[in-house]
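The letters A, B, C, D and E name the chains in turn, as written, and every chain counts its residues from 1.
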Amino acid sequence: MQTIDASGMLYRDLNELVRDSISRGVKEICLINVNGQRYIGDGLAKDASTIIEGTPGNDLAAFMEGARIEVHGNVQDGTANTMNGGTIIIHGDARDALGYSMRGGEVYVRGDVGYRVGIHMKGYQDMNPAIVVGGKAGDFFAEYMAGGIMIVLGLGLAPDEDIVGNYCGTGMHGGVIYLRGEVAPEQLGKEVKVVSLTKEDTRILDEYLHNYCRYFGVEREEIDKKPFRKLIPYNKRPYGNMYAGW
Amino acid sequence: MLREGQIRIPSGCAISGIMNKKGRVFGGGDIINSIAVMHDRSNGLGGGFAAYGIYPEFKEEYAFHFFFDHTAIKNEIEALLKKNFIIASGEAIPVRKSNSIKDAPLIWRYFVRPKHRVLVKQEVDEEEFVVRFVMRVNSEIDGAYIFSSGKNMGAFKGVGYPEDIGEFYRLEEYSGYIWTAHGRFPTNTPGWWGGAHPFTLLDCSVVHNGEISSYDANRRQLEMYGYKCVLQTDTEVVAYIFDYLMRKQGLPLDVIVKAMASPFWHEIDRMNKKEKEILRAIRVVYGGFLVNGPFSILIGTNQGMIALNDRIKLRPSIAATKGDYLYVASEEAAIRQVCSKPEHMWMPRGGEPVIGLLETSQPTCVPVRTEQEKIAINS
Amino acid sequence: MSLKSYVTPSFLIERNKDRCIKCKVCVQQCANEVHRYDEEDDEIISEEHQCVNCQRCVTMCPTGALTIRRNPNELRQNSNWTAEAVRAIYIQAETGGILLTGMGNDRPYPVYWDNILLNASQVTNPSIDPLREPMELKTHLGRKPDSLSIKEGKLQKKLPPQLELELPIMFSAMSFGSISLNAIKSLAEAAKQEGTYFNTGEGGLHRDLYQYGKNAIVQVASGRFGVHADYLQAGAAIEIKIGQGAKPGIGGHLPGEKVEREVSETRMIPEGTDAISPAPHHDIYSIEDLRQLIYSLKEATNYEKPVSVKIAAVHNVAAIASGIARAGADIIAIDGYRGGTGAAPLRIRDNVGIPIEFALAAVDTRLRQEAIRNQVSLVVGGSIRNSADIVKAIALGADAVYIASSALLALGCHMCQKCYTGKCNWGIATQDPHLAKRLNPELGAQRARNLLRAWKHEIQEMLGGMGINAIESLRGNRLMLRGIGLTEKELQILGIKNAGE
Amino acid sequence: MEYCIVGNSAAAIGAVEGIRGVDKKGTMTIISDEPYSVYSRPLISYYLAGKVSEDKMYYRPPEFYQNMGVELLCGSGAGKLAVREKTVILRDGTKKKYDRLLIATGGKPFVPPIKGLKKQNVHTFHKWDDVKSLAEELSAGCKAVIIGAGLIGVKAAEALLCLGVEVSIIELADRVLSSVLDEQAAAIAQEVMEEHGVKFVFGDTVTEVLGEGRVEGVSLKSGNKMECDMLIVAIGVVPNTDIVKDTGINVNRGIVVNERMETSVEDIYAAGDVAEGKNLLWAEQRVIPILPNAYKQGETAGVNMAGGNKSFSKGLAMNSLGFFDFKMTSAGMQGGEGYEEIYTLKAEDKFYRKLVIKDNRLVGFIALKDIDRTGILTGLIKDQVEITKFKEALLKTEPGFAEWPKELRKERMLS
Amino acid sequence: MKRVYVREEYCAGCGLCQVHCITAHSEYKGDIIKAYKKSFPRPLARVIVEEKRPLSFSLQCRHCEEAECVKACITGAMQKDPATGIVINDTARCIGCWTCVLVCPYGAVRRDETLHKVAVKCDMCAEAGGVPSCVENCPNGALEYREER
């Protein structure tokens, strides 16, 4: 375990330090006093664990291929951008465009997430990315979603608060969304439908919920108090009939 | 080389704002630290600040901040000022020499009050007179530019990274109850100080992030009502829209934000009859003021601070409160830098404003709201 | 319910019966099933409705028995409601669809290259014979520092990463999916042989193409298809695609039927799903976000690869380019409105964007005014049709050009503009293995190489004529250009004098 | 080196070409009991029918012997073998020494003991001379009875029909071509032949040949009688092993050879219809009396005689048979118990294709009417290729390689 | 020896190899139209094109070292030229017994029954010399004339 005090450090210096350490074989790094440094874990492919105390900057773990990052704090925009593998555990909120075009790995957010979370998330062969949100999500959740799993638990919502914003699943053409709570039809993109859960869904959910509870010390009974809805796209060719040949 | 006013220069940005809702003043160090964290959001070609409550000794005078290209024009302007205003004080704004700030113009400030007989002669109220004066100087007089014109507030801006601009202007020596800041990423280098944010008109200041795609629709709408969008910047347009809707049309703040970032028609369709009627009317009448494209703006006035995003939230913003303080910024880190443990932190939704009003203020145009709403609607 | 279509065939196929030997090659080759053999009558029949005039049958017919011409059938003359205008309405009335087309803008807008003339040496300085004397076309793309620090014969700071080109021509971005693997292989091999680069487009890098990584520019587009660490590492440079000339400002999608196994594996999406490329990158909604992505990519590749940003030529292109340069891009690629594409909405293709000549001139001028021209290399594309276009582009200020339509023409494209159907009879814009195999990449590579070499020779000849023996002396050398038939304003934007001046 | 070859047919020619491929110098002698340069025995029916002229009967050009350095001893034929002396004694007494000897005496028609058989106008159908003498006795409208509906009988019938002869075939078995066709195929073949005018009597046989001196008719086992102007005995061929009698050379049905075509006696080889060799499909050794087999065995023997090393153990029974325009090919096993059979039968079109499969490998096929590219099937039998993935495609009118697994196809086509 | 090999991955299945084969074996060499319209009988293509889309390939006689057709030929018409290795059928002597069809493992021998029955097959355009016509005229380089690799 190596500790790096990031206060006042420029991101390029900090990231170089992290890359160096990991390439030297350090398995666990703790970054303290992080505030706003971008690109932490960018392109990382090593089996290493980074613990971040503070607020990392944008594009945390972008293009990451496989490592573990645990953030004690909130994360900013663009976390897990085009990520291909690894695990991110966020003990706070995440901002906009979390998991854009994410193709692999898992992101667990204890609290809320911003706009466009999981936009254009993809699955491919055995790569099945997942984002688990403990609180609520903003508008355009899972927009263009093409694969993977998105779970929103809606824990701690006020009685009249929505679990997701508007345009949930707009343009969705793959993957599956599990929402623990009600969603009004007008909140959904016209490409998605609500269906009931199968046994297989329950099994899948169980795995992620187990992790969520473990990471954040949440009681499973609390989650089990409310049922899940499952959202899937009508088809994988949402814009198939939009054009006419000239 | 064309500069703002001669050519339209889109830019991206970082913004940050801090206010104390009790009106208690604090130094400019925090806002500099806050904006500095977002260094990478700007490219060194513009930075600026607006501060409210900094000139208590001249709170009844309009504080004109000028850029002069040379002394001759300064003399010319001073003559013009004397003709129209009573000048309570005039001085060079104190600056700190710095390697990172180059090609600074002459920077002066004057605390002025319009001469009564001039107002009578022109049959306009004081504010309108000031506005017209500012417009006239900025559009007609080469080599002079008024970049701040409100009472008990001031804008400080220039070409450079915002933290360097803050140091240059020695902002840590000022105390204000609202501070907004801007780091600019213009898509070219005018190298002109006037092009930086904030943009101000009277006590209204705007810092802005994003590019307004509806710019020319908004501009031409405004120019119908006598505004001259001399800078061709988004920020200017936002400031004028705000000025027009608030000052001239007398609309309440919530209506103004609905005009600028109106809900979608299908959202309006789902509203109750009364709401629907109002929203429909706002969109129909003020369609020319719908601000389209990505933006997040921070508007400062003597009465408070408003943050607003475009309706699909294409630009980031984060808000937080702690005690009497309200914080809004493009990135959370900018808030954490000056307030490590906020009590409440949230992501405003697209089109939903964060409104922070002074508890002491008695705004003329803003309807009285509950205590909660005064700090932040939809927080 | 069947509705009779009002759309009449665009083309007429004439079969010379004296020549037709009924060998059925035409029948076999037409993916649109225009020709068929009628056993009963022992005749080959052509149903023209489906004919796209790709000329495959004409070219393949061993006896030259076929001619395709425009259907002489005409509506009543009308200069306003042209046949095309009417036809578009019929199609849309029948389908309710957005009109889709392929390749570049075919409207009769001016081509400014054709209004620019080149200079040549006479008397006052000698022209150079490139056949016998050195003639350098080597070009480096990438950020150039403002100064070098050399101490004790040592470079104090390494040069930022540069792409080295043996000639200032690269193959522009065309994705696997929009074109066939054989087409890409052809270009990749030609690029390798001739010392230049091809561009993956947003289709990812097929496993067979990793061997060409040193000659590949790998693209990161809004759909992020096939983007992963190995992909970014594999290429010589990374290009962030913001827009393309044929369809500025809009996204696109590769229809699911083209996402067959190989495309699916390369793009890393399931077979048969639409590959949707949103109009914007959802991590770039403003210029400072572009900087964020540029540096994200640089961080991910340890600052070892130049990062290019490709944009469409649009009204405010100069300011945008300036912003891109300041955002940290090493190369800016600008694609003019005549640029080709696999599929674009007709109205977008024909009405959005500006000519590359203006865009290039404006951007180069602006970057020089701002003294940041060195920070970034300029690559332009969008219907570069011949070597003279290239020489003019470089003299206007480009570092290199991107060619795509020309390259595809070299591979056999016949400009039928039906790329979007996936039925390219030339094996180029298709994923149908039956069609794709028609392009033998060995022959394709040879043809593409031949084109590059021919142009290289021609560029050398033109340079020699100007008395220049290194391409950098042409770069931005607008005095080598004169306008003809242009307005004052056009000359002013292009920054060139009129012929005779 | 002295090579001696007894017999002058395909096996002999194969041997000559085999020897010369290895040994350009050694002297070669061919001892033949026919007065001709090598001619093609299968062509005799075509000759009879007038489809092949005399000059086209020859299997090799006239200069063949000279070019190959072969001395051809025509006419008397070999009578005896002196194994110890390594000498062949011709019927005329001449002795011919050899270093290596090939016995390629072929087969001889099997003629059963039938009462009254010794008559004019009773013919076998084996040699050129057989058809020459037959031809002299023919006249349009005459009636011929053929005993045996096998390959020889059928070809004889075709030739006779061409010449306007009324043909009846008497066959002990219940169908035509029972050695090469199964019941379904035979039914079609019979129909074709009947359409051309052949009359059949099945399950019956001739018990007596009627007539004085000349054949006038036959009486059958069933008691029926048939009038005819000539009788052709086409029951079959047996190995002509006469020459090796009492030589100690191991003979079973034919002369037993190993895969080098060596007999049990050193330096003596046997090949062709006289030899009983190893084969592809049957466990026991067999005589496979077909020309391709004869040539290959002869060639193998030749190479080995000349000191080379070649083996042949893949003899395969196969036939391409035409009856006027109707075409039939077959090879290998006919099927039956223990075999997987898949077939396509379109009786109205006279199309039939059957595959006989064992252990996922092709061991036999019958193709009627459409025979194009059936060599692919023969090849599959020979190479014992696993065909599970594409066997159905082999039933197509014209089989091909398109349905084969890519690797197998490439291996085949590119080698 | 040099043989014609197909690269099926580039065979467009167009059939031009057949057209040119027919022309090359007609009395009007080099004139496709006359070869098709005037020569009688029009020769059969010696090239076989198989197609099962997307697969297609053409196939000609392999001119086997151990040529089954030569060994099986009952008339001696089918001969392998010892000098060139090319297997050629002497059509004057061929009587159309189709034994070659029965034994050719490539199915590369065709039946021509237009006049008298005769087996036809690729002769590598030996008479004209040079590169076989099918190879020469393949528009996509799918046919190669080369030594075995």
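The rule is short, and it goes like this: a residue touches a chain if its C-beta (ideal position, glycine included) is under 8 Å from a C-beta of that chain, and two chains touch if they have at least 3 such contacts.
This structure is a prediction, so every number in the text was calculated from the model and none was measured.
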Both-way neighbours, i.e. chains that touch chain C and touch chain A: B
Graph separation of chain A and chain D (steps between touching chains): 3
Result of counting contacting C-beta pairs for A-B and B-C, higher pair: B-C
Most remote chain, CA-based centroid, reference being chain C: D
Farthest chain (mean CA position) relative to chain B: D
Distance from chain E to chain B - Cα centre to Cα centre, in angstrom: 86
Intercentroid distance (Cα basis), chain B paired with chain A, Å: 35
Whole-Å gap between the CA centroids of chain C and chain E: 43
Inter-centroid spacing, chain D versus chain C (mean Cα positions, whole Å): 69
Where chain C touches two or more other chains at once, by residue number: 292, 295
Residues within chain A bordering two or more other chains: 38, 58, 77
Contacts with two or more other chains, residues of chain D listed in rising order: none
Full enumeration of touching chain pairs: A-B, A-C, B-C, C-E, D-E
Touch list for chain B against partner chain C, complex: 1, 7-14, 40-43, 45, 185-189, 209-211, 294, 314-315
Chain A-touching residues of chain C, taken from the complex the two chains share: 88, 91-92, 94-101, 220, 222-224, 227-229, 232, 253, 255-256, 268-270, 272-274, 276, 278, 282-283, 292-293, 295-297, 299-302, 343, 345-346, 417-418, 420-421
Chain E partner contacts - residues on chain C that touch it in the complex: 18-19, 21-25, 28-29, 60, 62-63, 427, 432-440, 442-443
Touching residues (chain side chain E, partner chain C) in the complex: 7, 9-16, 18-20, 32-33, 36-37, 53-54, 56, 137, 139-142
Partner chain C, residues of chain A touching it in the complex: 12, 15, 19, 38-39, 42-43, 45, 58-59, 62-63, 65, 77-78, 81-82, 84, 97, 100-101, 103, 116, 119-120, 122-125, 127, 143-144, 146-147, 171, 173-174, 236-246
